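Shown next, in structure tokens, is the structure this report addresses.
Which chain is which? They are A, B and C, in the order written, and residues in each are numbered from 1.
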Amino acid sequence: MHGTTRGKAGTSAAPAADLSADHGEAMHRLVTELYPLCRSITGDGVRQTLAALLAYIPLNVCEVPSGMEVFDWTVPQEWNIRDAYIKNGAGERVVDFRAHNLHVVGYSTPINARMTLAELRPHLFSDPAHPDWIPYRTSYYKETWGFCLSHRQLEALPEDDYQVVIDSSLEPGHLTYGELVLRGSSTDEVLISCHVCHPSLANDNLSGIAVATALAQQLAARELRYTYRLLFIPGTIGAITWAALRQAHLGKIKHGFVLTCVGDGGHPTYKVSRRGNAEIDQAWRYVLQQSGAAFEILPFSPFGYDERQFCSPGLNLPVGCLMRTPHGKFPEYHTSADNPSFVRPEGLHDTLQLALTTIDVIENNRRYRNQKPMCEPRLGKYGLYSSIGGQSASDYQMALLWLLNMSDGDHTVLDIAERAALPWDLIKQATQALLAAELLKAAD
Amino acid sequence: MHGTTRGKAGTSAAPAADLSADHGEAMHRLVTELYPLCRSITGDGVRQTLAALLAYIPLNVCEVPSGMEVFDWTVPQEWNIRDAYIKNGAGERVVDFRAHNLHVVGYSTPINARMTLAELRPHLFSDPAHPDWIPYRTSYYKETWGFCLSHRQLEALPEDDYQVVIDSSLEPGHLTYGELVLRGSSTDEVLISCHVCHPSLANDNLSGIAVATALAQQLAARELRYTYRLLFIPGTIGAITWAALRQAHLGKIKHGFVLTCVGDGGHPTYKVSRRGNAEIDQAWRYVLQQSGAAFEILPFSPFGYDERQFCSPGLNLPVGCLMRTPHGKFPEYHTSADNPSFVRPEGLHDTLQLALTTIDVIENNRRYRNQKPMCEPRLGKYGLYSSIGGQSASDYQMALLWLLNMSDGDHTVLDIAERAALPWDLIKQATQALLAAELLKAAD
Amino acid sequence: MHGTTRGKAGTSAAPAADLSADHGEAMHRLVTELYPLCRSITGDGVRQTLAALLAYIPLNVCEVPSGMEVFDWTVPQEWNIRDAYIKNGAGERVVDFRAHNLHVVGYSTPINARMTLAELRPHLFSDPAHPDWIPYRTSYYKETWGFCLSHRQLEALPEDDYQVVIDSSLEPGHLTYGELVLRGSSTDEVLISCHVCHPSLANDNLSGIAVATALAQQLAARELRYTYRLLFIPGTIGAITWAALRQAHLGKIKHGFVLTCVGDGGHPTYKVSRRGNAEIDQAWRYVLQQSGAAFEILPFSPFGYDERQFCSPGLNLPVGCLMRTPHGKFPEYHTSADNPSFVRPEGLHDTLQLALTTIDVIENNRRYRNQKPMCEPRLGKYGLYSSIGGQSASDYQMALLWLLNMSDGDHTVLDIAERAALPWDLIKQATQALLAAELLKAAD
């Protein structure tokens, strides 16, 4: 009903690049490839973006018609733009959509008129705090038109007889999004979401698109416990539309996170879900703590990205948000300075590795029960203990002891890992060794 | 049985001054007006004080007879004093009650005798740490007499033939207190209490009397949800007497606070109730945090003012204590240096404003339920959102989003205000806007 | 079945020294007396140690046969050693068990052979980080032999024709431990445990043996509420053996702690039980906080001493561990530098006093109910309040007020003491005064 798989256009013959192969360089190339497209919450920019992703992952591209009621909202008319400019009296394009798609206020209605600077002025937007950058502005729900330009250019505009043209259309059409489902042994799901509605802005959010695509490639190659649902959706209205259409299905979502602004040079930042103590929140906190690098955990707040929708009180899904530098905390945010050179391959790479580790934690997080709970088992019998006594315990031995001590059927492996403050690879290895020795058995 | 309203004596024709009108000056004038009266836990000093307050608020003045059993206590005999002095051999009053009523130990029994310095000495009290100040001492429950004087004066007293006179009476009579009830739409009550038993001491507690009187004036002019009960009572025995008489009524008290030492130059200090997490504790904490100025929150302890009685384990009322600098933390405490010049108009004013805000929080604190809980409602439809997107949210928009996100029937407006860390006026305004838009409805 | 009382060998006529009498000197003499014995997890060294303790306390000495199955373990063969050395080609003992019993790896199998340095080398253990000290090594569960020596000596060993002799035996025998039960009015028990399996090592754990012995002497002279069970057991296998034999009895243990490394110059360190909030954990935390000296509280971890066994998930006893400097945190740990001069009389004394106070807290910790819970009782009636008012409350008055305020049947005396942050002697004295005045009565 609400999804049709499209074939890959033009790229189907070439093998998909492994986006995790070269420390983020491949993800960065994808960011650069998608950067010129003029995305919005609807329209051909989103379609072109999803079509390009089909070269990497087998997305379902879904189209939802304008006018459909989705919770308190209505799917809007589809917006497309071909050209836009402001010409001066000499006929020169002084502001030109073809030079930068941020020059046009998103969802601008068509116009073709001559006017004075005074008439034009209320339709011009700039950012005096960053006078060389073009700001990003939209007007999705109030029909108007406008241009964005650098404050330096705005201030230099002379009185003149300007020709103002926006060759756009705002008509009934569709809202487009991409969805990829990777089946695991359980029908319980992990939701990973990114937004695809921003025009030429790189960290916000081509970085999220690139990391989500790389994650999908990695997960597709694995045996999975959970089913993974990756969304490439327009922000807000896309998430609302998806949630309204999938309402009966939302109970399947056991964990999730939104990926946004994940390519800059800042440290990782995880914003917890509305629940605050969901397993996904615990997993991200543990993985970031164990990373040995700087990080930040933010409390939930009802502003940000699509976690706003997933964490509305009626849904209250266990969905957090992974960022590096959060929106609004880097000056380039929502300006022309958020371009591909602002995004760093190593930032994308680090984000991907952290997400893969977090997913590995979630995949392997269970409750076990120690089968020899009366005093310690004699680990030497199972080949799990050094034979020469009197020395300190290694981290691996500590992992064994923590797992045995706290595996009482109440604590999860993640509870134990956090308490032990040991790296995930040691905890996972020790869990497997204790399972192999039949000293642990699944409690649920 | 336990309350008789008296007419205002002499002042009934004059319009009552608005004690909140001039940044605390009017409250300070009330402190100065009441300062000379010789209050104690019983007697005419309390009656004169309450009579003076009748010029401002329509108090009920209640009289409870000596000898009445009140819990583990007995209402004491009534003490009155007309004159007291120590004359030297030359007939000069070297210590004179008329110069300062702190010179006499409270509840001193009558005496008229000649004696040597050695005989007099055990009845003299001074404070070597503050040699110029007269300390405040009482002996309510052991019949004795005594004088307080500055340590400098005490040390300079020569051997002499002293005449010692205390013209007091300690006889069956009454304990007197004032009570004012302001009816709200609910019979649930807020208790506000101050003590009226200290003689010429200004911060402790004419400041509390002045702020409580001003609060009563302000509340009397409002539509109230709760019923407010303001007590002007002698410390300890007054509170115990009131609680014993009102025992069946105590369950109506849902919130409360004691006002004491609220006029000095220090920052506000709130001592939480024995419950520790009562709504009144939460409200004071939030209001002080949002004030932007220094403040302190103290844990409950079983020493202090009448919160000791209200928070005894058998009552356990949700009653905290608001102070500025706490008793015992300013050197002037319980000495002649706690005079009207120690109390500052701006301190009284700030206390009053904080108390009014806290009461406004309590009055408006309810649980609501978001009527569009599935994803966010489209606030633009209700005129509640800026139409040009891409910019940061204002504090007002954040207040709207927090209220919508957390109004799930579990969280109160105060819970949300604390979590959002936004000022009360924004939260209140946003709540009203969401109610008007029917996006929130009362959950209880 | 598992215990036989032995007579005191040779010392029964002499009166037992009071180990608490002289600020730790007597306990230090006991450490020095026991230091030369070559203890291990079985064998005559443990027997000699327990026999020496019989001069101080009437221990039961228990013998458990080799081969008995105890949970996941088996009681090992008994190890005894008479002599051991490495002779060089000149016939000189270059490494000599008689010089220091740490020279032999614990549980070394017998050997008598000539070999080159290259053949000998894999059997030699040293600690390059501390080149002058002999390290302590064992091999209980893998049959091998070895020598420990200073790294400086190891590096200086020339090529030679070495004669290597270990005159030991590893044969079926017994595991030996000591147990002392002091009966209280209740059959509920307090477990106090120390390990007796280390050869010439002083802080780890002759200090624990000395303090446990002194505690036993002190407790034997008192009227006790709880029954006290003191264990002098080989580490790990001794605790496991005891727990397996006493399995049906473990439910009687309401509190407990392990004593180890309690004689060095560091501050006291208490490691909480696995439960984390057991009454014994609370008592130790309170006593250390009230001590006024530096201390540390460690979270539970599944490494350390016999709390590992007592806090295994199947037992989960409320047993913590008291140390001064924890194992592994002092460089002398498990080396020849942990000798009697490393242990200080004042460290032993301080540990003993803290343990006695903690036990006094546990003995007197109950829930009471205030018999005058409506407002405060009039303390003056009971002789519990100063008659001259207006002054600050003393700590003793605060103790009275806290006990009255919080004795609602829910809070224990220890809860109140912690909350009041007052010393134990004041709390205890105030409790007794309020009981005498019948203002408190036992709630359970």
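The definition used in the following text is that a residue touches a chain if its C-beta (ideal position, glycine included) is under 8 Å from a C-beta of that chain, and two chains touch if they have at least 3 such contacts.
According to UniProt, the chain labels map to these proteins: A, B, C = Aminopeptidase-like protein.
Remember, predicted model here, so these are calculated numbers, not experimental data.
Two copies of one sequence, chain B (Aminopeptidase-like protein) and chain C (Aminopeptidase-like protein), touch each other mainly through non-matching residues, since under half of the numbers at the interface are common to both. Note on chain A (Aminopeptidase-like protein) versus chain B (Aminopeptidase-like protein): their Cα superposition corresponds to a rotation of 120 degrees, in steps of 5. As a whole-number value, the distance joining the C-alpha centres of chain B (Aminopeptidase-like protein) and chain C (Aminopeptidase-like protein) reads 55 Å.
None of the residues of chain A (Aminopeptidase-like protein) touches two or more other chains. Looking at the complex, you find that chain C (Aminopeptidase-like protein) touches chain A (Aminopeptidase-like protein) at residues 71-73, 105-106, 125, 135-142, 144, 236, 239-240, 243-244, 247, 274, 301-303, 308-309, 311-315, 328, 334.
By the touch criterion stated above, chain A (Aminopeptidase-like protein) contacts chain C (Aminopeptidase-like protein) in their complex at residues 370, 372-378, 380-381, 387-393, 398, 401-402, 404-408.
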